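The structure appears right after this line, and notes come after that.
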Amino acid sequence: MAKPNLKIDDIQQIIPQASDIELVDDTSGQKLVFSGIISGIKYALKFMKPNPQLTEEGTFSERLDDVTVRAQREVETMGQCETPYLVKIGPISLETEEFDGEPIIYFSEEFIEGENLKQYLQSNGQLSASDLIKLGSQISEAIDSLWQHRKIHRDIKPGNIMRRSSNGDFVLLDMGLVFDFENESISLGPVGTRIYFSPEQMDFANRRQIMDFRSDLFSLGIVMYEMATGEHPFIDPITKNSFDVLRNIANMNPTPPVDIRNDLSNELSDVILRLLAKRPALRFRSIEMFQRDLRIASERMA
Amino acid sequence: MSVLAQCGWGRGGKIERGLNDGVINGVIMSPRDETPDRLENIINQWGQSYPGAIVLFDPQFYVANLNAPRDGHLGEYDYYNNNSGLGRAQFSGTRIRNYVRECLDYQHDTFGNNLTNLVSPSILFDGFRDNWSQIALNLAAESADYHDSGLGKPQPLLISIVVSETAFQAIDAVEEFLDALTELNVAGFYIIVRRNANSPQFAMEPRPFANFLYFCYVLSEINEYKVIVGYSDWQSFLLEAVGASNTACGWYQNLKQFSLDRFRPSLGGQTPRKRYSSAPLLSCPLINPELEDIYSANLLSSVLSGSNHDSLLIGGPLTNEPAWTNEVSCLAHWFSLTSLSHRILAQTGIENKLRVAELIMQDSALVYQQLRNQGINFDTQTDQGHILDWQTAIREFRTITRIYDANEFSK
Amino acid sequence: MSVLAQCGWGRGGKIERGLNDGVINGVIMSPRDETPDRLENIINQWGQSYPGAIVLFDPQFYVANLNAPRDGHLGEYDYYNNNSGLGRAQFSGTRIRNYVRECLDYQHDTFGNNLTNLVSPSILFDGFRDNWSQIALNLAAESADYHDSGLGKPQPLLISIVVSETAFQAIDAVEEFLDALTELNVAGFYIIVRRNANSPQFAMEPRPFANFLYFCYVLSEINEYKVIVGYSDWQSFLLEAVGASNTACGWYQNLKQFSLDRFRPSLGGQTPRKRYSSAPLLSCPLINPELEDIYSANLLSSVLSGSNHDSLLIGGPLTNEPAWTNEVSCLAHWFSLTSLSHRILAQTGIENKLRVAELIMQDSALVYQQLRNQGINFDTQTDQGHILDWQTAIREFRTITRIYDANEFSK
Amino acid sequence: MAKPNLKIDDIQQIIPQASDIELVDDTSGQKLVFSGIISGIKYALKFMKPNPQLTEEGTFSERLDDVTVRAQREVETMGQCETPYLVKIGPISLETEEFDGEPIIYFSEEFIEGENLKQYLQSNGQLSASDLIKLGSQISEAIDSLWQHRKIHRDIKPGNIMRRSSNGDFVLLDMGLVFDFENESISLGPVGTRIYFSPEQMDFANRRQIMDFRSDLFSLGIVMYEMATGEHPFIDPITKNSFDVLRNIANMNPTPPVDIRNDLSNELSDVILRLLAKRPALRFRSIEMFQRDLRIASERMA
C-alpha cells in the first residue's frame, strides 16, 4: 500500500460530484486524505494506491479484485453499525479505479472536526483521567458495535481515533483495511502500525488463537496507556527502540501506568493493565464488564 | 481419464480448451476467485456443454478458521460470510448444523444436477488427533447426516478433508482417523494436503507420503469410497495407482500445491520463469536454461511429453518461448499428467498399477541419468530428488499394506 | 460454607445428617447409582426440605465414550442410554444438539427449581488440544446456546469439564482452552479432574496442580464465573483460596478422587481400613496403628479436627473403633473440610486467602514435625508429602499470576 | 463370575412355573445350564453366581444392583432383535435372587436343539466351505441386527454359536453378559474367552478406539478361521501356547486359511483374513459388503 500522488484537480476529476475539495492530511505513508462537499455535506475522501508488486501470479487486475472485495465488505459492515463512536461511511463506498495508468482505491467518510489522538498527544499532551475513562468507554462501545456483526477493527491506534472538537467525544475511524492491501508479510515488513497489535494478532499461521473483540481491547489498552502516560507500554522509554516492540507485546509486562503518572487511581491503572494481558482470557470477557470496572474506577476517583 | 482442473484466478479459456482437447476430465471450482453470479453461470453452462465432465465446487470453508485471511470473493457467499473467523468455541452442535446446511443447500439449490457431487464444508487441521481434526470430523458427520435426510434427491456427497502434510508423519493417528471416517456412509472424499509453504520440492517427504498413499488406499480400495485428491500435481499417477479415481492440478504454483500462502497477505514476488512439463522427467524443467541445454545436447526428444504443443519447441525451446504462454504451459502440463494417468488406469488391480507406477519412475530415473551423463544440470526444483523420494514411499507403502510385487519374489 | 456431598452408592442417611449438622452445603447427585424414580423423589424432596442447599445433578455423560463401561443405572436415563458408546465420528452437529437437548431437558423437566443449576453433558479428555477436548467444547457451546434460547426460564447453567490431571502439565494449552471457554456466556463451571487410578497420594503433582489452580482462578476471579470443583477432597481449601465457590467430596475413596476405575470392571478388593479425618494434618491417618500411636504418645489433641465425633476417640481410638462407622467417618471428614473452608472464606481478596492457605499448610507441617520427633511413622498415603507438593504448587501459582505476598517483601 | 452349585430341585424351587427340568451343560466355568418347560415351551435356563469379592466398597447388594442393571438392559435389547440367527429371550428376563444365602443371577432363552460350534468341532471336525459361508452370512446377520440398536455382542466365540440340528442354521447366543460380572481386570485375569477379542476390545483405558460392529466382525473372523482350519489363528499350532494370544491378536498376521486347508478358495480365505485385520477401517464398513464378498467367494467355488 502506498500513498498515491494526487492533486485537488485529480480528485475533482475522480469524484466530479464533490465540491470545495481541500487537502486534509498527507502525512500518512499509506493514505492521502481530502475533504469535499457532496450533496451539501462535508466528507473526508481517502485515497490509497495498491502496490504493483501485488502481481505475483495472475494479472494485476485479478489480484486487485481479489484484495478489494474484502475491504468493500468491511466498509459495508461499518455502514451497518449504529454507534456515534464509530465513523460513518459517506456516499462513496469503497471503489477502485485506474487513474493516469495507476490503480487507486478510495472511499468517503463522515468528516469529523477535531484532531486524532496522535495529533492531540503532540499538541495537548496526555488526557485527563476523566477523558481517559470517556475514551475507554466510547471506543469500547464502537468495538462492541462491530463485534455484534462479529467483526474486529484490527487497527485501533491513536491515529485512527478522532476527538471531536465540538463535544470532546472520541470516534473510531476506518477498520483495518490497510492490511488487506499490504504486500509485506508481518514478519518481513516494517513494524509500522503493528505496534498496536495484540499478541494473537501477530500470529497468522498458528490458528490456535482466533481473534475476537478482546484483540481490539488489547489495542485500546495500548492507546489508553499511551494517552495516560505519554509512553507506549512496550517501547523502552530510554532507548525508544521500537525494534523490540513486537517481542515485548508477546512477553513483557508493562510498568503500571500509576507508577508513571501518579494522579491516576490504582483502579484505573489496573483496568488499563488488564486490557494489556497477554491472553484474551485474562482481559474482559464482555465489554459490559470492562465498562463496569471503568465506572468503578471513575467513582473511586471522584 | 482422471485429471481435473484445479481452478483459481485467471481461469480464462483454459478449462474449455482443456475439456475440448481431452486433457482434463472436469473441474474443481474455487469460489474465492469468482463472484457468485459468474460462478453460477459458468457451472450451469458447463453442466450443459460438457455432460460427461466432473464438475465440483470446493466450498473452501477451511479458510474460515484462519486469522483475517485474504479470502477474495468468498465473503460474497453467505455460507461463508455468515460463518467466518471461527475460533474453536464457535462449534456448538447447532452452529455446526448451520454451517453444513448453508453450504450444502447453496450447492444443491444453485447448481442442482450440474454438479457431479456435493462437497462438504471442512476445516484445515494439522494432526489427526488435534482439536481441529475433530471439528473436521464433526462437519463431515453432520454433512453425511444432513445429506441422508435433509436434502431432496441430492447429488452424491463427497466429504472434504484438508490436512497438513505433517499429520501423516505417524501412522497410528492416521489409522485411528480412518477408523472414524469409515463409519461415514457417503460416496467419497475430496482430499487436500496442505504443503509447507516454502518447500522447493513438489514431492512429499517419503514417510508422510507413504502414509498418505495408505490413507487413500484404505478409503478407495478397501472401503470402496470414491477418492478425489486436489492439488496433486505430479503425484497424481501415484495416487491413482493406490486407488484415487481423480486428481487435480491448476496453472499457477499455488494451484498445483496447496499452501496457506494463498490466503495470506501477499509476499509480492515476480512473475515466475517459464517451464516445460516433461512427463519423462516427471517434473517441469525451466525452458531457459534447462530445456535449452537439453536441446543443445540433442536430447530434447527424450524429455518431450508428446503433446501437440511440443511443436512450438522443435526449433529450440528459446526460439518460441513467447508463444509458450501460461495457457499453453497449463494445457501441456495437463497433457503430461493425463498421459501418465492413462498408463496407470489401463491396469487392473492395485498390484499391476503399482508395478506400472514403479516402471514410470524407473524410466524417469534413467532419463535423468542419461542427461547427467551429458553434463546437464538441474536446479533443486527440477532435479530427480522427487523420484527417489517417491520410490522410497512406494516401498514403504508396500510394507505397510503387505502388497508385494509377485515378480519381485519370482526373480 | 462451601463443601458439597459427592454422591455415589451407599448414600444412606449421610446427606440429610450432613445438611442438618451443617457440615455440607449441598449435594452433587450421581445418576449412575440411583434409579430415575429414586433420584427424582429424593431431589425434589431435598429441594423442599433444604431450600438453602445447593443441589446439582451430574449427568455423567462422560461415561458415554468409554469402552463398555460399568455404568450402573445410567442406562435407565434416556439422555444417556440413547447416546452411549460414542466414537469420535458420532458427533455430528445434529447429534451434539440431541445429546445436549435430551440431557438439559431431562434436568429441567424433572427437577425444575429443585436443582440450583443445570449441568451440561460433557466428555472426558486427556489434553486441552486433543480431539476429545474439542468434543467437550462443542457440547459446552451447544449447552450454552440451547440454554440461552431453547429452554423457558431455566436455572442458570454450569458447564461441566472432565479432564485428566495430565492435561494440566503444559500451561500454554491450558491458556488456549481458557481463551475458548471464556467465550461462553454461562453462569459457571463444574470441574472434575481425572486422577491416575493408582496414585497413592491424594495431592496432585505440583506442576499440574499449579496450572489447575490457575485454571480455576482465571475462570472465577478474572472472568467471574461460578466454579464448583468435584471430587476435590483435601484440596478443597486451596481451590477455594483461588476462587472456587464450592468443592465436593464423598465417602468412598472413589468419591473423593475421580478415576476411571469407578467405571471399569471391578478389581475386587477388601473393605478399606478405617481412617480418621485430621484437619491439622490435612490427611486421614489410619485409626490403627497411626492414630493409636499418636494417642499413646499423648499427642491426640494435636491432630483432632474438633467435631463432636471426636468424643468417640477420647478413650483411645481403638477402644471405640467399631463406632467409627462409614457414616461417622464421612461426617467427620466433611467437618474437617468445612472447617478449613471457613478459614479461607472468612478472608476477602485472593491475596489474603492465599496467605491463610499457606498458614494452614505451615501449621500442618509443624504438627507433622512434632509427631515425627516423637517417633510416629506414617504410611505414604498419610505422610506429609502432600503438603510439600501443595506448597510448591502455590509458589508456582504465585509466579504464574504474579500475585505475590506483600508481607513477604516487607520482611 | 462363577458357576453356582445348584441341583434340579433348587431350580424347581427358584422357577416354580417350570417343569421337566434337566441339566444341559455344566462344563462351562461361568454358567450352569438347565432346560425346562414353561407354558408348554422348552427353554434353556442359565444360572450364574456373582463373585462375592465384588464388594470393594459399599455393601454387596449395592454392587450387585450396579452390575445387574446393565445386563438386564442387554437382555432387553436382544429381545427386540428380529433375526432368526440371534437366540430369543424366554419368559424370564434377567433376575437376581438370594438362594441359600448366596446370590444368583439367571435368565431363560429359547432352547435350541443342536450343538455349539465348540462341541461341533470336537465331534464333527471342520465345517464344509459352504457351511462356512452360511456361518459367516447368518452370524453377520445377527451382528447387524444388534448393531441396528447400536449394540455390540462382545462375546462371539464357538461356544456361543449353536448349530441347529433341524436345519443346520447357526444361532448366536447371549451377549457378553459375563463381562459385566467379571471381577478381574482384563490385564490381570486369565485369558479365558478373551482369545476371541478384537484388538480394540482389549483396550479400556485408551478411548481412542470405540468399538462398533466391526469388533464383532473380528471375533466372527476368528470363529470362521477356526471352523475352517481347526486352528485358532492367533495360537501357535505347535506350542499351543495361549499365553501369547492377546499379543498375537494385536500384532500377528495369521497364516492364510487356504495355506492350511487347500480346498478353500482364495476368495474365501481372503474374506476371512480381512475380518481379522487389526484396524476396523481395514475390515468391512458394512455387513452388506461383507455378505457380498462372501457371495462372490461362494460363486467362485461353485
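The first chain written gets the first letter, and so on, giving A, B, C and D; residue counts start at 1 in each chain.
Following the convention adopted for this analysis, contacts are C-beta pairs under 8 Å (C-beta built on N, C-alpha and C of every residue); 3 or more make two chains touch, one makes a residue touch a chain.
Since this is a predicted model, take the numbers as computed values, not measurements.
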| item | value |
| --- | --- |
| Between the pairs B-D and C-D, the one where more C-beta pairs touch | C-D |
| Distance between the centres, which are taken as Cα means, of chain C and chain A, whole angstrom | 46 |
| Computed distance of Cα centres, chain D from chain C, in Å | 40 |
| Chain centre separation in whole Å, for chain D relative to chain A (CA means) | 69 |
| Touching two or more other chains - residues of chain C | 87-88, 90, 129, 132, 179, 181, 183 |
| Sites on chain A at which at least two other chains make contact | 209, 212 |
| Category of the chain touch graph - line, ring, star, complete, other | other |
| Chain pairs that touch, as defined at the top of this document | A-B, A-C, B-C, B-D, C-D |
| Contact footprint of chain D on chain C as seen in their complex | 8-10, 33, 65-68, 70-73, 75-76, 81, 85-88, 90, 124, 132, 252-254, 260, 264-272 |
| Of all residues in chain A, those that touch chain C in their complex | 208-209, 212, 253, 279-282, 285-286, 289 |
| Chain D residues touching chain C - in the complex, by the definition given at the top | 51, 53-59, 62-63, 65-67, 69-70, 73, 150, 152, 154, 176, 179-180, 182-186, 188, 200-201, 203-205, 207, 209-212 |
| Partner chain A, residues of chain C touching it in the complex | 129, 175-176, 178-179, 181-183, 185, 218, 222-224, 402 |
| Chain C - residues contacting chain B, complex | 87-100, 129-135, 137-146, 179-181, 183-184 |
